[in-house]
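Below, each structure is written out as structure tokens.
Shared between the two complexes below is subunit A, which has subunit B as its partner in the first and subunit C in the second.
So, the complex of A and B:
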């Protein structure tokens, strides 16, 4: 019972956290038509910004140069700003590229950021990363830390979903949809496509930065290994799993994927080899799920049927 | 100065390997119309079949390599028919994401079968030769030689044979090719065999010049993507130029910048190239 509760809590925590990423990706891809294969970069930018802002100034063996020792909420805001800044930096030159070219360039930018974090020890101790990242004291609320952070992640997810929903229901959202459906027509009625796409890209990266800060609080550690391209693939799989375009589907897809991984991780293994095989099995099943879902698209078929009825 | 020239020479070898690795990828991109992320995993498949036959079963290297290349070509054809053919009509983005799924499956299988750790082939140690103060090993020369040979035979194949011309027609304009009586399905199968076979060849080269681990493929895909974007969509000749540019840029950069940035250089070249010329080196547009 206790393990089930623990797994449930972990799924709620990381599921909500990654749902923020999937929701943002959904806005970029399903609404804005942009394939961002560098999602992890904005996540990493947020986490590192939070860690650097809240970290004490370096001493001893530390190789990082800046630690501002500010309260957590300053770090949280800084994380959003950092992700936004990185989105402006990367979006401005690349968004005129189309489809897969955009996918590859964003992917490249994410790899570059990762490489910078590994090689420039002045940012965050290189591969060692920043440990003991500060986080607000959860005991004030009288609940265990895991519950508080799970609730915080859930709240961030709800806030993101609400904000995006409001945005998409507004005339602005309809302009975004118009561009996705027919660029020429949208341009003909005077919508500035490049500008709208850029705005969607930047706006949707802000919650990713916040999620990064929360992730740093939960793990109390940031290092380049945590922010590899696997995170990007993970979020994409979740998006595909949930079926794009509906906010609820996106969230359920992410939760299902996190749950699936947590259940496999909770199985005790006798040997290293068995654990290794289980880890590979996780990859294989994830991959097959991916292929099967894309091929038969059960979720969109379901949605179509509901519409027809 | 010699040091710089040495780096440039190593860069040429890297470039030749990248050409071998990317040609198949570009071919798939042109004929099948999508970016096959799983292409790099095929390199791994071939490298590990070679390793299994050579170091595991004790075969000599050449038959192991031949079997590995043929097996990889067939596996590629199988995946192409089972996974990609039915979803091609759903558009390139869906197929691209599916190929990530395929990459996951292949990587997971390799991990399960082979496990972690570093492997090497059971072949004699490399002999180093010196020309004008520049060092090159015999295996590196094999890579350069095979890249040149592959480039020439591929050019002959695509320009002189019926299947080759059909592949080129398909890549230029699939609808027109179909309406002019080219057997689209057969050409697509030939392409899968050819591109996976080329991945197999590149995988064998990888086994020759590098130590193998199961996550090796992932590091290759980044560079393959870099070369492929730089080359753009046009002819296969631009892949040769792009491969050499990326290879030399990566290795020569080590002269000035820490070696940790080597992979980053590949992408810096690409990003700069894309910003200056969004259609790639070949300047061709796809309709």
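So, the complex of A and C:
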């Protein structure tokens, strides 16, 4: 019973957290028609920004150069701004690119950021990363920290879904849909497609930054390994799994994928060998899942909100 | 003399070696404000390409397009649209993920489409007015019954009318229509003819490409004839009908076919 509760809590926590990423990706891809294969970079930008803003100035063996020792909420806001800034930086030169070119460029930007974090030790101690990331005292209402962070992640997910819904239900969302459907026709009615796509790209990266901050609080550690391309693939699989039609589907897909991984991890293995086999089985199953889903829901058909009845 | 709203000045367009528009000297014609200009010519004469050059979908190889005194050489299609130019496409374009009504509403220049307005939430009241206006325009083009339909259920002719409606809701100063009657059934054609006559009477400037000369020559007040991308003739419908060159090149070819 206790393990079931623990697994449920972990799924709620990380499921909600990664749902924020999937929701953002959904806005960029299913509505904005932009393929971002560098999702993890905005997440990393948020996590590192949070750590750097809240940590103490360097001393002793620290290689990092900046620690601002600010309160957690300043770090949280900084995380959103950092992700947004990275989106402006990467979106400006690339958003004119079509489909797979945009995918490749965003992927390359994410790899560049990753190697920057590894090699420029002044940012975050290189591969060692930043340990003991500050986090607010979560012992409120007598709840355990895990419960509080799970609820915080859930709240962030709800806020993100609400904000995106509001955006998409407005005339703004209608214009975004029109651009994705037919750029030439949208231009013929005066829609500035460069402006709208850029805005969608930048806006949707902000919650990813917030999620990065929360992730850093939960793990109390940020290092380049945590922000590899695997995270990007993970959110893409979750998005495809849940289908891009509704925000709820997006969330359910993410929860299901996190749940699947947590359950496998929770199995008590007799030997190291068995655990290894289970770990590779998890990778293989995830891969097969991805292929199977792509087979029946190819990218082109994905970007449709309402198909012909 | 009314002033020229649109000036096409020595424009050429080449696709590789093909001189699609303007030949060597360049194509020139102007559209005074309030005119109803017909643009005709055989298949491949460069009519649609001329529309694409005016609306910024294509950029001229040489020469200039001037709208209301503004040189459009560096303007994007969306800028040109916001200067007051509306256009339809020879192959109708629609937004499949929007309903018929939304397809028209999205056409309006809408302050509700800014992020600030989404944050403030003040777009709702304007949305009501826009919905009413879109409804009127759809009524005008005979699509009232299709208002909540998805565009996939529309016929080719209805798609054409939908595109006209999407442009009308923007109140363009000058409207370019590329073969608006193609695939449109006769009752809708009559409706379209009436709409064009009304728009003309309202003082709007129209440029219409049509193969259906019977339809066009009745309602246009001047006509430009293209052949192989070059100006073959221009004049009133009466003059064009009597022009030997036009009869030989266009009507003759048409009759022969």
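Following the convention adopted for this analysis, the second predicted complex is superposed on the first by the 295 of 309 C-alpha atoms of A that agree within 3 Å, B and C clash if a C-alpha of one lies under 4 Å from a C-alpha of the other, contacts with A are read in each partner's own complex, and residues count from 1 in each chain.
Here, a contact is a pair of C-beta atoms (placed from the backbone, for glycine too) under 8 Å apart; a residue touches a chain by one contact, two chains touch by 3 or more.
Not measured: the values here are computed from a predicted model.
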Inquiry  = In the superposed model built on subunit A, check whether subunit B and subunit C fit or clash.
reply    = fit
Task = Using the touch definition from the top, say if A:268 reaches subunit B (first), subunit C (second), both or neither.
result = neither
Task = Spot which of subunit B and subunit C makes contact with more residues of subunit A, would you?
result = B
Task = Applying the touch criterion given at the start, work out whether A:112 contacts subunit B, subunit C, both or neither, answering first, second, both or neither.
result = first
Note = Check: subunit B-subunit A-subunit C angle from CA centres, nearest 10 degrees, reads 80
Ask   = In the superposed arrangement, does A:286 touch subunit B (first), subunit C (second), both or neither?
value = first
Ask   = Just subunit B (first), just subunit C (second), both, or neither: which does A:96 touch?
value = first
Inquiry  = Just checking: does A:170 make contact with subunit B only, subunit C only, both, or neither of them? Give me first, second, both or neither.
reply    = second
Ask   = Between subunit B and subunit C, what minimal C-alpha to C-alpha distance in angstrom results from the superposition?
value = 14
Intersection of subunit A interface sets (partners subunit B, subunit C) = none
Request  = Using the touch definition up top, name the residues of subunit C that touch subunit A in the complex.
outcome  = 55-57, 76-78, 81-82, 86-87, 89, 93-98, 102, 105-107, 109-110, 112-115, 117-118, 123, 127, 130, 150, 152-153, 163, 166-167, 170
Task = Please give the residue numbers of subunit A that touch subunit B in the complex, ascending.
result = 35, 93-94, 96-97, 99-101, 103-105, 107-109, 111-112, 115-116, 118-119, 229, 233, 236-237, 240, 273, 276-277, 279-284, 286-291, 294-295
Ask   = Along subunit A, where are the residues that touch subunit C in the complex?
value = 166-167, 170-172, 174-175, 177-178, 180-182, 184-193, 196, 199, 203, 304-309
Contact footprint of subunit A on subunit B as seen in their complex = 34-35, 83, 86-87, 90, 92-94, 96-98, 100-109, 111-112, 115-116, 218, 222, 225-226, 229, 258, 260-261, 263-264, 267-268, 270-271, 274-275, 278
